[in-house]
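A, B, C and D label the chains in the order they appear, each numbered from 1.
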Amino acid sequence: MSHTVTLAEARTVIAAATAEAEKIGQPMNIAVVCAGGYLLAFERMENAWLGSVDIAQKKAWTSRAFDIETGTLGTLSQSGDQFFGINASNDGKVMIFAGGVPLLRDGKVIGAIGVSGGLGAQDQAVAEAGAKTIK
Amino acid sequence: MSHTVTLAEARTVIAAATAEAEKIGQPMNIAVVCAGGYLLAFERMENAWLGSVDIAQKKAWTSRAFDIETGTLGTLSQSGDQFFGINASNDGKVMIFAGGVPLLRDGKVIGAIGVSGGLGAQDQAVAEAGAKTIK
Amino acid sequence: MSHTVTLAEARTVIAAATAEAEKIGQPMNIAVVCAGGYLLAFERMENAWLGSVDIAQKKAWTSRAFDIETGTLGTLSQSGDQFFGINASNDGKVMIFAGGVPLLRDGKVIGAIGVSGGLGAQDQAVAEAGAKTIK
Amino acid sequence: MSHTVTLAEARTVIAAATAEAEKIGQPMNIAVVCAGGYLLAFERMENAWLGSVDIAQKKAWTSRAFDIETGTLGTLSQSGDQFFGINASNDGKVMIFAGGVPLLRDGKVIGAIGVSGGLGAQDQAVAEAGAKTIK
């Protein structure tokens, strides 16, 4: 069993995420990174926000870089909280709002999915739909 | 009918915005981007803030990149809100305060105007004056 | 009468600011920019913070770029306020805390001083001491 | 007596910090910078967060650049506080949350340690364990 998500798995992750995005009627940018944090696959659905191309990839990176959902990291990073200012690090790659979810196999992080194109709850739902295809 | 704002239309947008800025007595930086988010036309009025040259262009880009007014994006991006931290993305191009307005034709975003040089309400009024010239 | 601060004037500004810093016993970084926002003169006092070399210059730039004291800009740029997020613009050059003060002649901005090395009130006092030497 | 931490001392700092990290069971990234703020030694423990490689180094730099613990700087840099926005300076190198601690000899800053990989209190405890090895 590989310690990183494979390209074949990444395609499945994106397909499941896309299906969820279509179900809720919001076009999304969807990115998958490998265990090293590098981009493995990406798709922008028709009419998805252009500004989210970058955000989706950075949510995936952030989720792998800190082995955490970006929404959870966000709750720790508001003004007055213990990680406030963390997004000044790593050359602007740290995203601190919902839509990045680690991909797990046997309790180990093997990559991550990042979704951007809607409100926070929508991005999160689409990311989770993709992430749960990993066995 | 073109799916992007034309240069001739951009000049009309800027002229209307400038007229509004003169009416309220505040010199402005005014930028128009095409449907792809690239700068199409720009003018800095006499004595307008030098630091707003960059901001006006980025407000226009942001407004097109997320198909939204930058003031509205801003209300979602304060500390504690769902998009807090979004302006760490896209290499610093995301502006989250009033003055960026999409240009619409038949309900479709065909570009955007970005205005910077005064208080938030002033920038917004000038941007709206420009945007409404699009038919 | 020149429309920009001269180098000779900048030296006087820095000397007065340094005297004030010595009086309050806090070493400072002190920068003066011309009407175009470019650095004209700079001095780092013994034992002043290394991280403030950059901040002093950027406070001076910001003060000229928006014709405003950086402390005032800061009050408009907190979370929930109308310019929140402005410091994502201009490639990180916008400083939104006290210590930058425009240099005025006949009510016209001809440059700015930026001071960094102490608490906000200290930086501000030193900047004001320098700025008031301009006639 | 040297006015900067030596490489031999840096190794001792890191060893003590690592021992503390193992004691609390959280893998960490640990960096030591010299009096000039430049990286002297760095280690990433097994399974420590990849995104913290950068943060640990920047915490160390920040701590030296302002002769202050990064946690203390953080309390002055929240929205509404006097240094809010300081982390837009210095090209993103300013970290404003706990884990950076100056290294002191005879009351003089001779370098700094930066730790990242856990919650704020954990990072701080590990940094302090390293810093106190300096005589």
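Following the convention adopted for this analysis, contacts are C-beta pairs under 8 Å (C-beta built on N, C-alpha and C of every residue); 3 or more make two chains touch, one makes a residue touch a chain.
Keep in mind the model is a prediction, meaning the values are calculated, not measured.
Chemist: Suppose each chain is reduced to the average of its Cα coordinates; what separation in Å results between chain B and chain D?
Modeler: It comes to 41 Å between the two C-alpha centres.
Chemist: Between chain A and chain B, what is the separation of their C-alpha centroids in Å?
Modeler: 29
Chemist: Going by the touch rule set out above, which residues of chain C reach two or more other chains?
Modeler: Within chain C, the residues that touch at least two other chains are 79-80, 88, 92, 94.
Chemist: Mapping chain-to-chain touches, which pattern fits: line, ring, star, complete or other?
Modeler: It is a ring, because the chains touch in a row that closes back on itself.
Chemist: Which two-chain combinations touch?
Modeler: Here the touching chain pairs work out to A-B, A-D, B-C, C-D.
Chemist: With touch defined as at the start, can you tell me which chain C residues reach chain D in the complex?
Modeler: Against chain D, the touching part of chain C is residues 49-52, 54-55, 58, 74, 77-80, 87-88, 92, 94-98, 119-120.
Chemist: Would you tell me which residues of chain D are touching chain C in their complex?
Modeler: Listed in rising order, the residues of chain D that touch chain C are 37, 62, 64-67, 79-80, 82-86, 88-92, 94.
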